[in-house]
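I've put the structures underneath this note.
You will see chain A twice below: alongside chain B first, and alongside chain C after that.
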Partner chain A sequence: MNQTIGDFTEEQVARIIRDHIDQEFLFRSRDAGLTEEDSLISRGVIDSMGLFRLVNFLERRFAICVSPPDIVMDNFRSLQAIRVFTLARLRARACAEQC
Partner chain B sequence: MQADVWRAFQRLHALRSAAPPLVRGTRQGGTRASFAQERLWYLDQANPGGTAYHLPVAFRMEGALDTRALRLALETIEHRHEALRTSFDSSRGLVVQRVRPPGAFRMSSVSLRELEPSQEGFAARLQEALAREAWRPFDLLRDPLFRATLFELRDDDHVLLLNFHHIIYDGWSQDVLFREVSALYDAFRLKRPSPLSELTIQCADHARWQRSWLRGRVLEGLQDHWRKCLSSRLHGPRLRVGRPDAATSHARSRELGVLPLRLPAPLASAVLHMTREAGVTVFMTLLAAFQVLLHRYSGNQPKLFVCSPIANRQRSEVEPLIGYFTNLLVLPTDLRGDPSFHQVLEQARGMVSGALAHQDLPVQLMDGLDLGNEPLSQVLFSYENTPRHPLTLSELRIRPVELSGGTCDFDLFLALHEDGGDIAGTLKYSRHLLDDADAVRLLEDFLAVLSQAMAAPERHASEFLPTCPAGIESPREADVPSRRPAAATADLLGGLRAAGPERRKALLREYLHETLVRVALRGQRPEQPIHSLQELALDSLRLIELTGRIRTELSIDMPVSRFFEATSLEVLADELLARWLRAQVSETRPEATGTGREFVTL
Partner chain C sequence: MLYPLLEDSARAFAHLPAVIDGLRVLTFGELDAAAGRLARTLRAHGIGRGHRVGLHLDKSLEAVVGLLGILRAGAAYVPLDGSAPAWRLEFIARDCELSGVLTTPAWMDTLGSVSSLRCAILVGATPQEWRAEPGGPPTLSWDAALAGPDTSEPSPVEGSPEDLAYILYTSGSTGQPKGVMLSHRAARAFVDWAHAEADIRPGDRVSSHAPLHFDLSILDLFAAVKGGAAIVLVPPALSVFPRELADFIEAQHISVWYSVPSVLTQLVARGELGRHGFRALRTVLFAGEVFPLKYLRRFVQTLPHVRCLNLYGPTETNVCTFQPVGPRELAGTESLPIGQACCGDEVFLLGDDGAEARPGDEGELCVAGPTVMSGYWGMPERTRAVLGPLLGRARAYRTGDRARRDEAGVLHFLGRRDDLVKVRGHRVELSAVEEVLLRHPDVEESAAVTLPDELTGNELRAFVVLRAASAISPQELRMHCAEYLPRYMVPARIDPCRALPKTTTGKKDRVRLQERARELG
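Up next, the complex of A and B:
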């Protein structure tokens, strides 16, 4: 899992997202045991306002474009889902730059 | 979350994605205030020197404080954030913000070394010193709207008081401030340079961007939504506890009371569980319970609304800024037919999803918002789940110091947030309306409603709080018509044309007085005639409505600031008459009937 996509390795992407969630959403939380698959939404980690902060962050940090149809549960349900989505967007961008 | 909630997010994202770029612009000649700032500016004009919009915070700092590092940190913050160097003025009828060059900020020092912390009366004397500084009025035109005072108790014991006027600061700003002060202090202590990156844009840029974005089709789309949502006349909850007569009063200052609240862990878990099951957000679940509480406390008032302040930081560019961005969402609910809690929650889901998608419309642009003559901020509710950054300075023990005193412009404000997996917050209330025992009872009842609702969501609204003292139904008083009949305005204009000079003055004075009674006092006759706008302590929407209505009904073009500069109704009537006469001489204008818009966009 350490393929480089654009300016990031997969590992970096995973770490950046995890750090951001820890810092911005789980701060001071007892809930340190969040796993990759845990639902961020049903656990109340990400609520409506939080989602937009997260989208803004992903766009800025990874220079990707999140379009309205991307804003669905499947892309934001867990740490893993956010990572998979971000990597897909990074790949699409890298591919577009090469073509 | 259910599909409609996600659709709301998509719609909001689409709307925001289509906005023009937010870039840095010139500051020359001042920039028009943002919509949010404009709202607060009006409130201040109506009640100059009021303290309801002071946002002071104080910290006891024990240990070896590096005063130089702290002073440098605050100076750097003032330098970084234009909002902290901004004052406000009215020019040609528009509210403008003017940014001063950096460098004027001074952290004041006050020695309280004569107080001995172990002595009796120490706490009271410290409180007194803090309160004096915290509630010292701000002049929006002349004063810095950010102040810092360091109270020295001993060499290793200090209290830092930071004070802001709300017009340049909000809850989110506090987070930015604490993060930055913490980082800067730690760096400066070690003689290192600032670790913070430069800000690309500032509040004035956002204000300009907001006005260029919210026009044409974007504005119409947002207004359409709110017009549909708020199509019927809105009613704030008329609480029947405490001193109901004092509710939503226009008293100049209402003493603020604050109570802390923390949901017991099993209840917080139940809230999360219900939220997940119902496909909603925590905000919606807590709001629905609060609405049921208000319904019961108002004698089963069938329709009511609450307002919810939201961060309104649409773009990542404004996330790192200190400034006032908050917008208010108007959230009505309809409890006719005694719905179950589950139905109330469903309704909250629909209403809040729609409101979220259309949250970028400043409240004063909500065309058709009909509050009768009620103020907007009666009952407020908020829930945040973003972290709050504490103030931490290396090697110092820091504890927040509660400040006594303070006033508010609302009746009730339930402000909740997620705190380390718990749900906690405060109930702020007007002591004019509730005494402390009433407020404690209200909080207990909120927790009771919430746990009953989580246990039995099929329970009907009227079945909550069976012994609620206010739960006796009674017919509502008749609503006072809020709009002036078109015929009356036409009569006035006809009368003005036909009358001689003295009669014209009298007609206009009478018109002004009647309009004030109608807008400001809900049609209730005052005991004494009204002499000036200032004595009414109106809320912002009323003021915007009032000035807009007078200008529209009389077809008079007059700068907004002139309304507040007039020292009495007499002076105002004279000025209006002079302007009306000038307009008559220059042209025959089409008559404005005042039946169109509820208030004029300024």
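Up next, the complex of A and C:
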């Protein structure tokens, strides 16, 4: 996995998201060891306010557009889901720019 | 008493759904029977009238059975927030001397050493799986606690209306939680009023959105039970996703919804409500914080067939005033009133001069009447400071809220007398957050502020002055806060600064701190 999409490699996207979650959302000792698949929602890592802070961050950092229909559990339930969603958006943008 | 509400509905509506938890459903007959069996188990362990039992479960079918079973046994329930730090849970369990607790094996570690416990009932454990710690309380599985025959003639519920029904712990000013004691009399006064005002009918579906340690849950649970309506447990994760929450309300045919306003503002702004008709939805109630008018107007316009009610009341009084909200009430107004007294309460305003405030004048909102709490658990002095004879009333509660009554007799909320703020309906005393920050050896000064946002509600922020050469990160400070405070009291962001801005009188300048927080983003 290290394909470049737009300005980012897949690895960079994964790291940027992980670092952001670590810095902004993880502050309880029991959050240590959060895996890629762990539910961020049911573990209480991200609440309703946190989600919109995260959405703002993704929009700014990756210059992607996140609209209300995108803000659903499937796209934000875990680190992996967020990464997959962000990469899909970056690909769609890169594709639109090329076409 | 509260429990007879369930007995009555079990007689009248035995086969109607009483609790809906995803695909799991209990009828009123089944709920009454299950609560009765749990009560017998509690009593067999010597737990009944005059005892308190902790309810340390995520909201679920079991939690609802558990809560009602505790009441059926004649004891008071004490809901414990599963996301709270262990320190706080243990403090509460010891403070109110829990005789029993309903919890899970994973959470039992926190409470196993509480010496007052006579038994612990563990949901999600089999007796074979679970081994009691030496010296810990006897434990039994949920299945074992609910086993046993349905006796044909259950003993009547013991107790008097003045007995405690539940204790809700709220943020205290020093970071130490305080237990608000509510009697059956207080709860019933509110529930009976809410049942009628929200127009709850047999077969209705009432949302249960608030967690059980939050006083909004009283309406969901008991007004639904009284009305023969089903309680529909809303998965907490849905609160984070307004679009899916809207789908849930539609798909579950919710007829009565009750939550804090910030959930509704999210629904209006991001839930794309136009996709559904919400034909089943008849009443929406909200309480706990101010509903920003911009979004409330949109909500009322989007759902014109729904009756909206703004409820007001601190935990200490359940709900004591209400205001129906429609296009007429919202036209040309700049703030939403809290309305008129309800539930048989009397609401009056204490002026700064110690006399009752005249119409148009500002004063501290005081409440006398049936919904007022019995006091703070184990804190007679704290209780006396806010509850007692006042202006000719034998027993009144001083809320600390400032309000004004207009010429038409309608009450308007103006703000607080102290530093208590609301974060998504939760009470937060800023001084408690500051105190916890100061406990960290690297922190010399601390200040907490809220940053209001119409859409998301108040955001809690903090500033700290660190000791020279301290290398601690804001992240580590938030971890420190999370050791002592529930999640909603942990600042969303902590920024270090050289010095805290002060007012000319030497106090922390919260206005300038708010400006700085806003600049920082």
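Everything that follows uses one rule, which is that the second predicted complex is superposed on the first by the 95 of 99 C-alpha atoms of A that agree within 3 Å, B and C clash if a C-alpha of one lies under 4 Å from a C-alpha of the other, contacts with A are read in each partner's own complex, and residues count from 1 in each chain.
Quick note on the criterion: a contact is a pair of C-beta atoms (placed from the backbone, for glycine too) under 8 Å apart; a residue touches a chain by one contact, two chains touch by 3 or more.
This is a predicted model, so every value here is computed, not measured.
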| item | value |
| --- | --- |
| Clash-or-fit label for the pair chain B, chain C on chain A | clash |
| Touched partner set for A:M49, first chain B, second chain C, both or neither | both |
| Winner by number of chain A residues touched, once chain B and chain C are compared | B |
| Touched partner set for A:V72, first chain B, second chain C, both or neither | both |
| Chain B versus chain C as contact partner of A:V13, first or second or both or neither | neither |
| Which superposed partner A:I21 touches (first chain B, second chain C, both, neither) | neither |
| Superposition clash, chain B against chain C - the stretch among 91-99, 253-261, 559-567 or 577-585 that is involved | 253-261 |
| Interface residues of chain A shared between complexes with chain B and chain C | 23, 26-29, 41-42, 44, 46-53, 68-69, 71-73 |
| Chain B to chain A touching residues, read off their complex | 1, 5-6, 9-14, 17, 272, 275-276, 281-283, 310-311, 314-316, 319, 352, 356, 383-389, 418-421 |
| Sites on chain A touched by chain C in the complex | 22-23, 26-29, 39, 41-42, 44, 46-53, 68-69, 71-73, 76 |
| Chain A - residues contacting chain B, complex | 23-31, 41-53, 55-57, 59-60, 66-69, 71-73 |
| Contact footprint of chain A on chain C as seen in their complex | 83, 236-237, 239-244, 262-263, 266, 270-272, 424, 455-457, 459, 475, 478-479, 481-483, 487, 490, 492 |
